[in-house]
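Two complexes, one shared chain (chain A), two partners (chain B, chain C).
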Partner chain A sequence: MSKLPDVNGGGSVLSRVMRNQILIPLAALFLLAIFNLIADPSFFAITLKENNMGNPVLSGQLISIIDNGSELAILAIGMTLVTASSKGQDISVGAAVAISGSVILRVLCGTDNSPETLQAPIIVAFLVAAVASMLFGAFNGVLVAYFRIQPMVATLILFTAGRSIAAWINNNQLPIAPGEEFKVFGGFIPGIPIPTPFLIAILCFIVTWAMLKFTNIGLYSQSVGINEKTARLNGLNPELIKLATYVILGLCVAVTGLIKVSRISTINYSVIAKDIEMDTILAVALGGNSLSGGKFNMAASILGAYVIQFLTTTLYKFKVPSTALPAYKAVVVIVLVVLSAPVVREKLSRLMKKIRSSKNTAENHA
Partner chain B sequence: MSVNNLNGRRRGLLRNMTDTNLLTSITIAVFVIMYICAIIFLQKGFLKPQMLFNLLNENAALIILASGMTLVMITGGIDISVGGVTALISMCCAVFLDKQGGNVIGAIFIAVGIGLAFGIVQGFLIAYLEIQPFIVTLAGMFFARGMTTIVYKEPFNVENEAFVALKDTRVNIPFLGSVNKNGVYVDAYVEIGVITALLIVAVLFVVLKWTKTGRNFYAVGGNRQSALMLGINVKKTTFMSYVICGLLAGIGGFVYFMHVGSGSPSHASGAEMNAIASSIIGGTMLTGGVGNIVGTFFGTMSLALIQNIVRSVGLDQAWWTGITIAAMLCIFLVVQSIIIARRKKANNKQKQTEVKENADVGQ
Partner chain C sequence: MKLKRILSGVISAFLCIGMVAGCSGNDNSKSSTTKKAEAAPAASSGKTIKVGIINNDPNESGYRTANDNDLKAAFSKENGYEPTFAYGKTNDEQIAAAQKMIQDEVDYLLLSAADTAGWDTVLKDAQKAGIKVILFDRTIDADASLYEASIVSDMAKEGQTAVDWLVAQGLSEYNIIHIQGQMGTAAQKGRSGALDTTAKEKGWNIVSQQTAEWNAEKAQQIVQAAIDSGTKFNVIYAENDDMAKGAVAALDKANISHGVGKDVIVMGFDCNKWALTELLNKNWNYDGQCNPFQSSYIKDIITKLENGQKIEPKTIIMDEKGFDAATITQEDVDKYGI
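This part shows the complex of A and B:
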């Protein structure tokens, strides 16, 4: 189920290219880059400016991509693990980001809506949000692992309730966090011209890399996703592993929530991280990972997330209104999944073979 | 899988029920109990028949959407594009009627056409290209939502005369009216949408219960492999379920449009989730093969009723609706999961004892 059929039976260049996962997002990135290069080369311009704080900062479309794509990339880490172990996706991440953001603001601002100073250290606020997000992640995980409810449906519960809960935490007020200190996480650290979200994302990548390298969570979640029964017979605890992946996703959600609220210092419950679940799932799919679980490639997912942000930025640049954006993205998704569908691949490879064999016979005749 | 255990060894009404019937009866019981509680404890007009009819009026479109969703879920799939399709249909019909000067018949054709088109494309991708239903219909939903704003951006009310006349058509129900504040007797009424919804529920119930096509849906959802071996065209059956769901989304979209009488990109937001929730509460299993249209009907009504109760109690802040729906969904999902797990265990145990007995007889 998780493994795509070996369509070309070895040999040809195409099949080898097809089999290396990371080439899928790379190819998409390449296509988008070429498209932008032809349409408007200034897309790639990066300039060093001073922002209104007097700090030197880099700006340009590419910088905005690595800046805004970071939340997506962080979520994609957790989503990849969840997809691998539970053969389904968590559609509640957007709502969960709203909750985590709301918790952060609640802790930072206390009961006052626009306090003069921060009411609690940022690190405390983040830790509280992380615990809350991980609890919500565990809630999803328990439903999926122990009650055996399909992931997308189990997370539907939080998807429905999440934004309501977020509004409820702050009594439907929109608190504003004071000071420049808090803006750092969604903006720039004084003296460093690279956007902080990207630095946070890099930190997350390193932690993830270490986690995959030095613990077995990656291997275990893949084996649970490929065959739960075999995994159990080999002494793994599939339920616990699934639960763990959802908790990890919860942590990713907390980090995303921090960046999202820090960007604007406040929150809009119905707009924050809107449709991000779609983009995150898309990032995993674009990374060439099977959405029905099993083997995964984390680097490809992360690259996939940035490719999607690239696409979004490109669409914005061509004056596509933000409300119409989903329609274009949906078309891209459909094209992508159709091309990667096993049935279509098989047909294509058969077609290739036919062309090749007809060429061979023609050569033989000559 | 709706496995009948008719071999006399297991007694008791509950145990002899199929999963479908058991889950449906739980839903109906919950609805009735909730309504009675509301009448006793709240007394805010719940005793008036019009209250019940208003529930129907407001949720006719949702009933139709949820029926389509149930059908898809019985075959083991899911369709989350219905809400987006509803919004798109409302917008297209509104633009057609008001900006293009079209007529009502044309609008109905547009509605059904859009729904069918979505159903056919999604069904083809899912059934014949074997792409995950969730991804396809998620893309469908985003496409529909995006298209809605491309068609027209601002929300506006439709003022086409023929349409407004249709919208305000009420079907009076004799004898069930009530006396209003001024002491005048007013007949109870329902909108045309309700009649449509009830008709669809009835037709689907008959089709699913007594026709071969209907049983095929259950067979495919219960076990694809067995269905294939029985000679059922699995792909075609799956395809058909999405086409019918699309068709119902078209009709449901128009009924929704008839109820609200306006076009807006934010229409029917969350309708897909409500439809899925209704189906689940109505006893449709997400794993496929179990489900009942009557259950879905009561699921929708329960969902509407609990929102109404929450509002009557005084928790009228917007967030309570989301939280109650989610809580209800959660409870039903967990109950379903527990019931099915227990039944599976019981079945296994029974099988084991049977095997043992057979072995004893053999000796």
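This part shows the complex of A and C:
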């Protein structure tokens, strides 16, 4: 979000780009794209087809990526803020998504497990889920901000209990939402060929951009993350700011829950959004953000989320055998994370400088 | 600071209480919904039988929920039992629960183990205390002398039934997308094994074989990736209903027809009620049962043991069906749907 002050007074465009952390996810994206281009250019083909409802839909691997990566990107927004302000991560988002999805289905289906029609307007269901998710977010936030429990430990409570709470909300039943109307959020709006999850994500990005631009939440959460005491001396209320970031993450969770349950019109408490917290944290790390709080770059986090989905889709596309899948993913992740580590980046930029200065001296001598 | 620390202590105590209360509330609401089962068999002998039941997390799947409800209905106070239920996602939790039940001197220990290894010590303790152990749903790596009986689903047989059905369809060519469950689980191994063997024998073409870890959405992505890369396929063999549902969502998106007499054959497992309804509507072709109703088998064994009989052989394999969309009826849906 913040442009780094130009310490060297000028400097080439290249060095300025090198210092920008969005370079890391961009480079990763570029590498993956090149790899796919060489292996099979049809990866980038996008076609306009009709789905079984007779609506025009775009399809292709790239569309799958922006479609399926959207939930992760939305969660990455909240996780970036939480990381910045509280110097830790919320590991309960997967379980919280299960709760939010369960609440939505509970409101939509009422007491019947598979009703003929929706029992409540979708917007009401979403609002109830949003309130519930923000309350759970606030719960985490209070533990972290006011009781000063380590974020990972504080959110461990919900991580452990969340899926059971989700099941309990629906009396352990698996409700199925009827009709095509609800499927829109995880599918396509009739007449619009772009996947709805991506549209929702774009909306979230715009709101986030506006929030960071017109309010001080970005600046405040960074300053709390960098030095809480100084922030307090400057008249900020660190506890309240931390709490606010957790509540915002709660809202992101509610949106994700809506998309997730809409995709399949039902829920499976134990597998919905499974391990998504790890991918979300990875997205933040891939964006080159320090996981110990402070400065952040929101765009880089979001891009990081899509890079992860790009990787997943690539692995599916190449039909990597099930048993080997985690190994492939691990190797790529290790490379990306090591490259994005501040220490390595510093070394690299120093190396670049050395090369340049030696070139300069050579030129001067000539 | 001190005040804060005390306050945080109090809050966490409340949390724990809240969680426990939440769980027990859950139990109450469930047992009130369970059906009143048949007349008490044990009550006739005039004493209540203490059973300790160790199961996996009931939220794990629809299968487990049905299984848990079935056991709760069968081993109720009205039926002359004094049941204790314990749930654990890991062996450690389950073993701790088993030790407690042994101390409480239950008559029977019913066990569905989270993991196959590490049960020897605790089962020996049970034997010393004169507690009879009955395994259900899952087997363990322990000497057969340590338990009285083991009631299991034969996953390999489930897979074989499904594959035999697929053979009988007599397609001119088989291009199969195989969506696997969580790798290494008994269900995945059994169901994958049957397909792998037959595919090799018959020269079937498995165009994609990947794990969706029981997750509908991942299955959707796998099938989507196959469609997007122009892969030809005419069978989807998904190892549970959720994943079949995800696969079908991808087919719908690409306007590929599926079901009876259509382009793609859809196969699932577990017999969820909604899945059987899909069969009834001819949107899917086949669903294999994984029988969660073990209580009648267990009761049978307890009655025999009470009468001093020995259970031979110790491993009892349950009857499991496979449903074909062409022959399924509403009655089947009501009876076998979970």
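Here is the rule we go by: the second predicted complex is superposed on the first by the 311 of 366 C-alpha atoms of A that agree within 3 Å, B and C clash if a C-alpha of one lies under 4 Å from a C-alpha of the other, contacts with A are read in each partner's own complex, and residues count from 1 in each chain.
Convention: contacts are C-beta pairs under 8 Å (C-beta built on N, C-alpha and C of every residue); 3 or more make two chains touch, one makes a residue touch a chain.
Everything numeric here is computed off the predicted structure, so don't read it as measured data.
Legend: residue contacts after superposition of the two complexes on their common chain; A:Asn237 is shown touching neither chain B nor chain C.
When the two complexes are overlaid on their common chain A, residue A:Asn227 makes contact with neither chain B nor chain C.
In the superposition on chain A, A:Gln119 makes contact with neither chain B nor chain C.
Of the two partner chains placed around the shared chain by superposition, chain B and chain C are both touched by A:Phe147. When the two structures are aligned on the shared chain, A:Ser64 is found in touch with chain C, with no touch to chain B.
By the touch criterion defined above, A:Ser292 reaches chain B but does not reach chain C.
Contacts of A:Leu325 after superposition: both chain B and chain C are touched. Of the two partner chains, chain C is the only one that A:Thr266 touches; chain B does not reach it. On chain A, the patch touched by chain B and the patch touched by chain C overlap at residues 147-149, 157, 161, 163-165, 167-168, 172, 321, 323, 325. Chain C meets chain A in the complex at residues 4, 7-8, 11, 15, 19, 22-23, 25-26, 29-30, 33, 57-62, 65, 180, 183, 208-211, 213-217, 220-222, 224-230, 242, 245-246, 249, 251-255, 257, 272, 274.
Looking at the complex, you find that chain B touches chain A at residues 78, 125, 128-132, 134-136, 138-143, 145-147, 149-150, 153, 265, 270, 273, 276-277, 280, 286-287, 317-323, 325-327, 329-330, 333-334, 337-338, 341. Within the complex formed with chain C, the residues of chain A that make contact are 40, 42-43, 45, 49-53, 57, 59-61, 64, 68, 114, 146-149, 157, 161, 163-168, 171-174, 176, 187-188, 260, 263-264, 266, 268-272, 274, 312-313, 316-317, 319-323, 325.
Every residue of chain A that touches chain B in the complex is listed here, in rising order: 88-89, 143, 147-150, 152-154, 156-161, 163-165, 167-168, 172, 275, 278, 281, 285, 291-292, 321, 323-331, 333-334, 337-338, 341-344.
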